[in-house]
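Before we start, here is the structure in question, set down as structure tokens.
Chain nomenclature is as follows: A, B, C, D, E and F, assigned in order of appearance, with residue numbering initiated at 1 for each chain independently.
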């Protein structure tokens, strides 16, 4: 009964891509630890680039610089 | 001074229902562990059904199938 | 299929008390939002008092002062 | 490589203020623990006042009362 | 620069299994969303079975019943 | 009433250093957003290096290589 939380920046991930993340991580937990997919829960949070920081600056600032 | 995070799918919970969750869990912590309500914090996250997975698929897909 | 995370200081909560928290919050979500207990997940984190701060100081410091 | 999550109520924090939080907490971790800013990640969640509770009631209710 | 948190019950996952989870979820994010592995962070929390609930009861209780 | 969660690897942070993190982040929120220190909560999680991954490998592996 694992719980997985995936946080990514909100930059256009599609419903299909998010479904692939959910299927993939559920399968990974089954394969590596034998966890039952029926009770594996996955929550994806999409975070505005103004609200995500790395290296002491926001992702908005990094994207503006081309990083 | 407990901190509680409740994650539910975004499917129309009303302000009144959310207030009942907050009151209820605060009272539960007072009753079971004697925690002071004044410093009990509760945060509710409502998550899109595309972003929540169980059983390896999204809640959107399950709802479409009638689960 | 809600997910609930309860964080409390590690100050001797018993297995019975933790089981009451789990049962209580699961029932609250069924009662208020009609959520299915079978897929309601609750995780309790017990945090050392050195690692929990409120009012700008650790709980260890507050407890030593009698707060 | 610390990870920091800051949750605040959604009440008008500006992009500049959020950038200051990110810069400030990254610098704090460098100063206190020598953590490398390049791999310090900060995520800010802004939470609706209906979804945040303290003292057993929502922040919406408290704000309406003038607290 | 995704951040992934995996919560599992503390029931003997080995260092090798945890390394496989980390490698696997990092690769999944690269494959599905093109995320850079160098800044993908994964944190695994192992939770005591007394502290994990599903179906309104602790995993300890479920394991004792043979579930 | 902000809530801050700081995750670091468990590599010997002292009680004094953790108290400085708590004081520092509480002051930062007061300074930048005018948040009341009395209801600012900070939780520090110290995570085993086997349980923390970056770049697709555990911190244990990176430390062994001298990174």
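The working rule: contacts are C-beta pairs under 8 Å (C-beta built on N, C-alpha and C of every residue); 3 or more make two chains touch, one makes a residue touch a chain.
Please read these numbers as outputs of a predicted model, since none were measured by experiment.
Annotation: the A-B interface is duplicated by C-F among the options C-F, D-F or B-C, judged by over half of the residue-numbered contact pairs being identical. Across the two interfaces under comparison, A-E and A-D, the one joined by more C-beta contacts turns out to be A-E. In this assembly, the chain whose C-alpha centre lies farthest from subunit A is C. For the pair subunit B and subunit E, the distance between mean C-alpha positions equals 21 Å.
Computed centre separation for the pair subunit A/subunit C is 25 angstrom, with centres defined by C-alpha atoms.
Among the residues of subunit B, those in touch with two or more other chains are 1, 3, 7, 39, 41, 43, 52, 54. Annotation, chain-chain contacts: A-B, A-C, A-D, A-E, B-C, B-D, B-F, C-E, C-F, D-E, D-F, E-F (touch as defined at the top).
Residues 1-9, 13, 17, 20-21, 24-25, 28-29, 31-33, 35, 39, 52, 54, 59 of subunit F are the ones touching subunit D in the complex.
Subunit C contributes residues 15, 18-19, 22-23, 26-27, 37-46 to its touches with subunit E in the complex. For subunit D in complex with subunit E, the touching residues are 1, 3, 39, 41, 43. Across the interface of their complex, subunit D is touched by residues 7, 47, 50-58, 60-61 of subunit A.
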